[in-house]
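What follows is a pair of complexes built around chain A, which joins chain B in one and chain C in the other.
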Partner chain A sequence: MAEKRKVRITDISNPNIYPLAEVKPTDVIELPPPYDKLENLPGFKKLSEQTRQAVDDSLDGVVAVGVPKPKTPEEEKELVEKFISGLIKLFSKENNWTFLQPLVLTMEHCAKCQTCAEQCPIFEASGYEEIYRPTYRAEILRRLYFKYVKPGSTFLKKFQVGDIELNWTLISRLVELSYRCTICRRCAQSCPIGIDNGLITHELRKLFSQELGIAAKEIHEKGTVQQLLVGSSTGMTPEVVRDNVSFIDEDLSERLGIKVETKWDVAGADYLLIHNAGEFLSWPENPAAFTILLDAAGIKWTLSSDLVGYDGVNYGVWYDDFQFSRIAQKHFEIAKKLGVKAIIMGECGHESKSMGIIAERIFGNEIKTINAMTLIEQIVFSGKIKFDPERNYFPVTLHDPCNIVRLMGIVEPQRRVLRYLAPKFREMEPHGVENYCCGGGSGFAVMSPYNFLDWRVQISGRKKFKQILDAFKDEPPGPEVPKYVCAPCSNCKGQIRDILDYFGAKDKSGIYYGGLVELVVNAMADLKEPFIDFSMM
Partner chain B sequence: MEVLHLAFYIGLITFITLVIYKGIKIASSPVHLRWELYPVAHEKGKARYGGSYLEEFEWWTKPLKKDLFGELWTMSQEIILLKGVWEHNRSLWFGSAPFHYALYLYILFTMLTIIGLIFGYNPFDSKIESNYFTSLLNIILWVASILGIIGSIILLVKRIFDVNLRLYSNPSHYFNIIIIGALYATSFIWLLGSNNAISEISGFYNGVFTFSTIPNLPICGYIHFYLLSFFMFYLPFTHMTHFFMKYFTYHKVRWDDEPNFPDSKIRKKLMEQLNFPVRWSAPHIGADGRKTWLVIATSPLPTKENKNG
Partner chain C sequence: MPIFEWNEIKIEVDEDGFMANPEEWNERVALALASTEGVTELTPDHWKVINYLRDYYKQYGIAPMIRKLCKETGFTLKQIYDLFPSGPAKGACKVAGLAKPTGCV
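Up next, the complex of A and B:
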């Protein structure tokens, strides 16, 4: 492991250390050519003086949340008091039964062996910057838990876990630090004891949101709040989404010479399909491909135009149990109203995990959920549709969305489809449940405030970009051969789009990205025109 | 009753009581939301690549098969081979493995000694030093002591000199290794300095479990059992309770993939928890200390947040 200046745990409270850490372009892991040149490592955009005066950037010179600087000592004191109050609630069964058991297990039994550290793509990509180590933020919360929540002798607690000074600086930095982890939980997977440092990020964000009202604007105000009020985190109302989809249907019908018609609010349909509404705006070919495929397979399905019912997004899963539940409850309620037998969760990782796993335990006893991967596999191998795999004769690799693969165990269906329909399919290494996060997990893909985009593309997405490049290393390196990254998740696609744009990988290497269903429809033998058109991507 | 008797009883009773108490406490925690992590060892036919029953189309219409042997196999590899450390932290394994193997052997030695006493092994019989059982105990303790000393030294040196470990180590980490290392060191010295170590140890256990006098022990023997008594007393207060909490981190969190079916035990507990009153203070929560979790989680956003409301 490369040696760097080591930030100590207690340094987080020290306002005189500014910034607490700094990642220099020369620290980060190298990418293969042509992305190995220094001009590809521009560093992070410097914040304006005005921004620096307004919000705290003292963690690492990057701002994702932007905690406003206090104007008076009273404001500082108030934040500290609220934090302590939230900390106590985080460890009470009434307020946090949802994750109390795993949280306490993680707080009290970590052996601090650092086995998890090497598994973190952010820690590694940053050149092993100490503050990004999975145990760094966990250790801060552990010390605070022992100091303010756990009963017992102060001396013994210091002896066991050490001490830490709680002040405004610590809280503000910890807010930012809770947005430097994608909650991919690769660290947890490697822990021999079963400690989960990804959970710590989740719980810290909850404390900040549920007690202090602090969260990333993109996932709270523009995310869950907007979704609950308007219907979608994209800002699309039911009328707008229906208009947009109608336009997509018309456009595709014209281009492909077949009738593409999305179904809305069909009572008694077998399945309610819920897409991540970001697809309608950024990748309309994805919902269109679902429409074509489901109709061709003779499946009785519908979309919902009820508020929230047409957007499977649930950003609450990353930061707030109550916002999460409010949205999840709507999804299940709408499905029940329509009388469907199950919800099909579109190609969206966090939607799938939210609905199919986490909310399932609260709301899922009547309506069950199916991930799109299993539905697509079912259709492809049902014999109802004729496929011509040669239509996909270009290099394809598969990105495993953490939420679908490591956190739901849906590993093989998408692979069986690709092995059949994509003759030049190859795996990334490592893959499956040992995959690397795209770097946009836990909301990062929709967050680009201040200079955060620079960080998430250069640091949190770096390992994934390297994996993508390595997967295609046996192909001509230039743009002459189009190469397809299959990313069956909206957020992952958003992050991969930003990485490829940032490094100019489409022009330099011919790397494109899309979902799984597009490849499946592209291979449908009855379609006269190819569904995937690289010139339009 | 000697002071050592008392120390041992206090250590043993504290250990048993607190382990049971902590186990019950964590087992009776509220049912949490699902947070599993794949591979889940009981996924029949799928665990080898990390798959789950969710890969099946309309999974709820098919029988859910749990492979309990898979769980046992995975846990055995983890406990016996320390597989996770081997795969992800190889350099630490070379210290951690002898350290843990020594503990396993020491526990085995103690259990065999006690079982021997129950079945008529007489520590005061002058011939026992030459029987097979004594030889077996002798070998186990020798191996445990040597492995334990090696493991403790490696772990201590790593904690001191590896900055990645040192930054996260507290006084207790060094203390724990030193205490455990001292246990092995004293048993090692005992074996080295006495031809009757096994019968002396058996005599000690005979004394404490029959409330009778314990034989005279060498100084290192007294130190050893005072250390053991202290260690039993101290362990439940430390993170080292991971030796049994691992059951919960694996079986009740990482591998908890139980679906929500009506009338399930989990569902019943969960329905109670949904009625817990909530006190979070952020305005968008809308809690007042009386409204229940379910009411809040299924209500529209409070008016302040809901500009249309």
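Up next, the complex of A and C:
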């Protein structure tokens, strides 16, 4: 391998270095056969000249956000000024009371020991590309913080952290760089002094969105904005979602020979179940399995057809505190209106984080939240339902969604369920709180613009794909045995689907994916027909 | 936005090749977009899928569930992939002139 040019922190401001870094297929970590042949893979999609004229690809030749180039020097100057004022806001209590403390701690106390670097799946999978190092991004913000925000002698501050030139080249590249980290926070977990470099990504995106109006289209314009406007980031209005769910109910009733009937807006229900609305469109078995399981357990539950009430996603959690709050407030208002005791969060990682960790602290006096993993565990071991584990005859491995497992510490419930109901369950390595991100975290799974899909599959999802293949290495390698990756999170499922599609892993290796609740319902002894049908997956 | 050109067709598309102005769609445009899928001829089976997608889109403003598409057209998911190699969302919807699906789908 050719020696890589070492990228320095200050290089990010230098427009003459173009691109700042580049990942080549030969740099990345190897995958087991038959996925080890680089020549069989489509390389990174080349951007057209038109695209390269319109948006900035100077970070690494990859475009996730597509920052438009300023048209005039005045516009450029204005954006740089906005960035500085936003930077100052980021470090002020009145503007950032939520995250100021961990942010300042991270700025002030990183010892640069690089323990975190070894934990980052993107840094590792890319063949240790310097710009993806967790401290690279943080160090840029640190120098800017010392230069523009922190009081004290300019000379001393430069001596402490080094200088950096703030210009549009830096800002534009930093936007893209804040979308090269999935905020999986393995780095934060490993830090011996509690520094959170994942938070840096979040804070940078926030600054860009809230102060410069720059965010990934899929998570802002087509995400939170659309969700607040029509009710769901998928574009489903209440009418469409109800129509889709009645189709799912009918379809499953017909196939299983039982009555599947989802409930809407039930006054007096104990629980409001909020799915990630993507489930209805892409993985309809998941919400259907919840309907079957909750009814079988005798739980009094309902869905809501109020705007936003049927879509638990809150993309604000990745990039914008204002958008986050608007959506979180809606969810809790709807639950309050229905008079339920608690919100059951469907199999969705960032829904779990946004509702269960952040919003519950604000609105939790009135409404509590329940995570799907713990609820499913309670139902499975309640003795109310008869199971035949042998129905899950195929090998199963478990992916740990970062928000549910590493962040919330919900590690064992889903494992106890799988050890009981999936006789061929085996862990990935590493697993639990040490598990790797699917590579689609922080919104990546819904972002495929320009050549970003290539990057998120080949780089950010690479460790995950390797883990999946390794978990099934003792099984017949071909498609003759179906292998199930249990990924109890919509976002992770989207990313895992894209990885498997990209590498053709369903056809080559028989690898399928789905949620947890589908495996539980598949093992219900009273069902005459199998719930999981691989031919439809 | 990039311009996509094919024979006499010249249309504006987004960064994934979906039409920027879906109202400009016609049967020739469908054929042009199909070429990006490696499809050179649109058979009656292709049209069955395209017509269903367009009718649904006109009524509801978004793409239908994949399962619904299969059930209403009578094709399995695999057959849809055979017709449109990038699949129902990235392939068939694009050829039918629908906007790119959004959200966690």
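We take it that the second predicted complex is superposed on the first by the 530 of 537 C-alpha atoms of A that agree within 3 Å, B and C clash if a C-alpha of one lies under 4 Å from a C-alpha of the other, contacts with A are read in each partner's own complex, and residues count from 1 in each chain.
What we mean here is this: contacts are C-beta pairs under 8 Å (C-beta built on N, C-alpha and C of every residue); 3 or more make two chains touch, one makes a residue touch a chain.
All values derive from a computational prediction rather than experimental measurement.
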Record, for the superposition on chain A, whether partners chain B and chain C clash or fit. fit
According to the stated criteria, A:450 is in contact with first (chain B), second (chain C), both, or neither; which is it? second
Determine, under the contact definition given at the top, whether A:495 touches first (chain B), second (chain C), both, or neither. neither
Touching A:209 in the superposition: chain B (first), chain C (second), both, neither? first
With both structures placed on chain A, which of the two partners, chain B or chain C, ends up touching more residues of chain A? B
At the Cα centre of chain A, what angle separates the centres of chain B and chain C, to the nearest 10 degrees? 160
Touch test for A:13: chain B only (first), chain C only (second), both, or neither? neither
Report for A:329: first if it touches chain B alone, second if chain C alone, otherwise both or neither. first
Touch check for A:302: first (chain B), second (chain C), both, or neither? neither
Now for A:160: first (chain B), second (chain C), both, or neither, which partner does it touch? first
Look at the superposition and give the distance in whole angstrom between the closest pair of CA atoms, one from chain B and one from chain C. 16
Please write out, lowest number first, the residues of chain A touched by both chain B and chain C across the two complexes. none
Show which residues of chain A lie in contact with chain C when the two form their complex. 48, 50-51, 63, 66, 218, 222-223, 226-227, 232-237, 239-240, 243-244, 247-248, 251, 276-282, 284, 311, 313, 348, 445-446, 448-450, 490-491, 494, 501, 535-536
With touch defined as at the start, can you tell me which chain B residues reach chain A in the complex? 26, 29-40, 43, 46, 49-60, 78, 82-85, 87-89, 92, 96, 163-165, 167-173, 175, 237-239, 241-242, 245-246, 248-250, 252-254, 257, 259-262, 266-267, 270, 273-274, 276-285, 293, 296-301, 305-308
In the complex, chain C touches chain A at residues 2-3, 14-16, 60-63, 65-68, 71, 76-77, 87, 101-105
So in the complex, the part of chain A that touches chain B is made up of which residues? 1, 3, 6, 8-9, 82, 85-86, 89, 93-95, 97-102, 104-106, 108-119, 130, 135, 139, 156, 159-162, 185, 188-196, 199, 209-213, 220, 225, 228-229, 321-323, 325-326, 329, 342, 356-362, 364-366, 368, 370-371, 373-375, 377-378, 405-413, 432-433
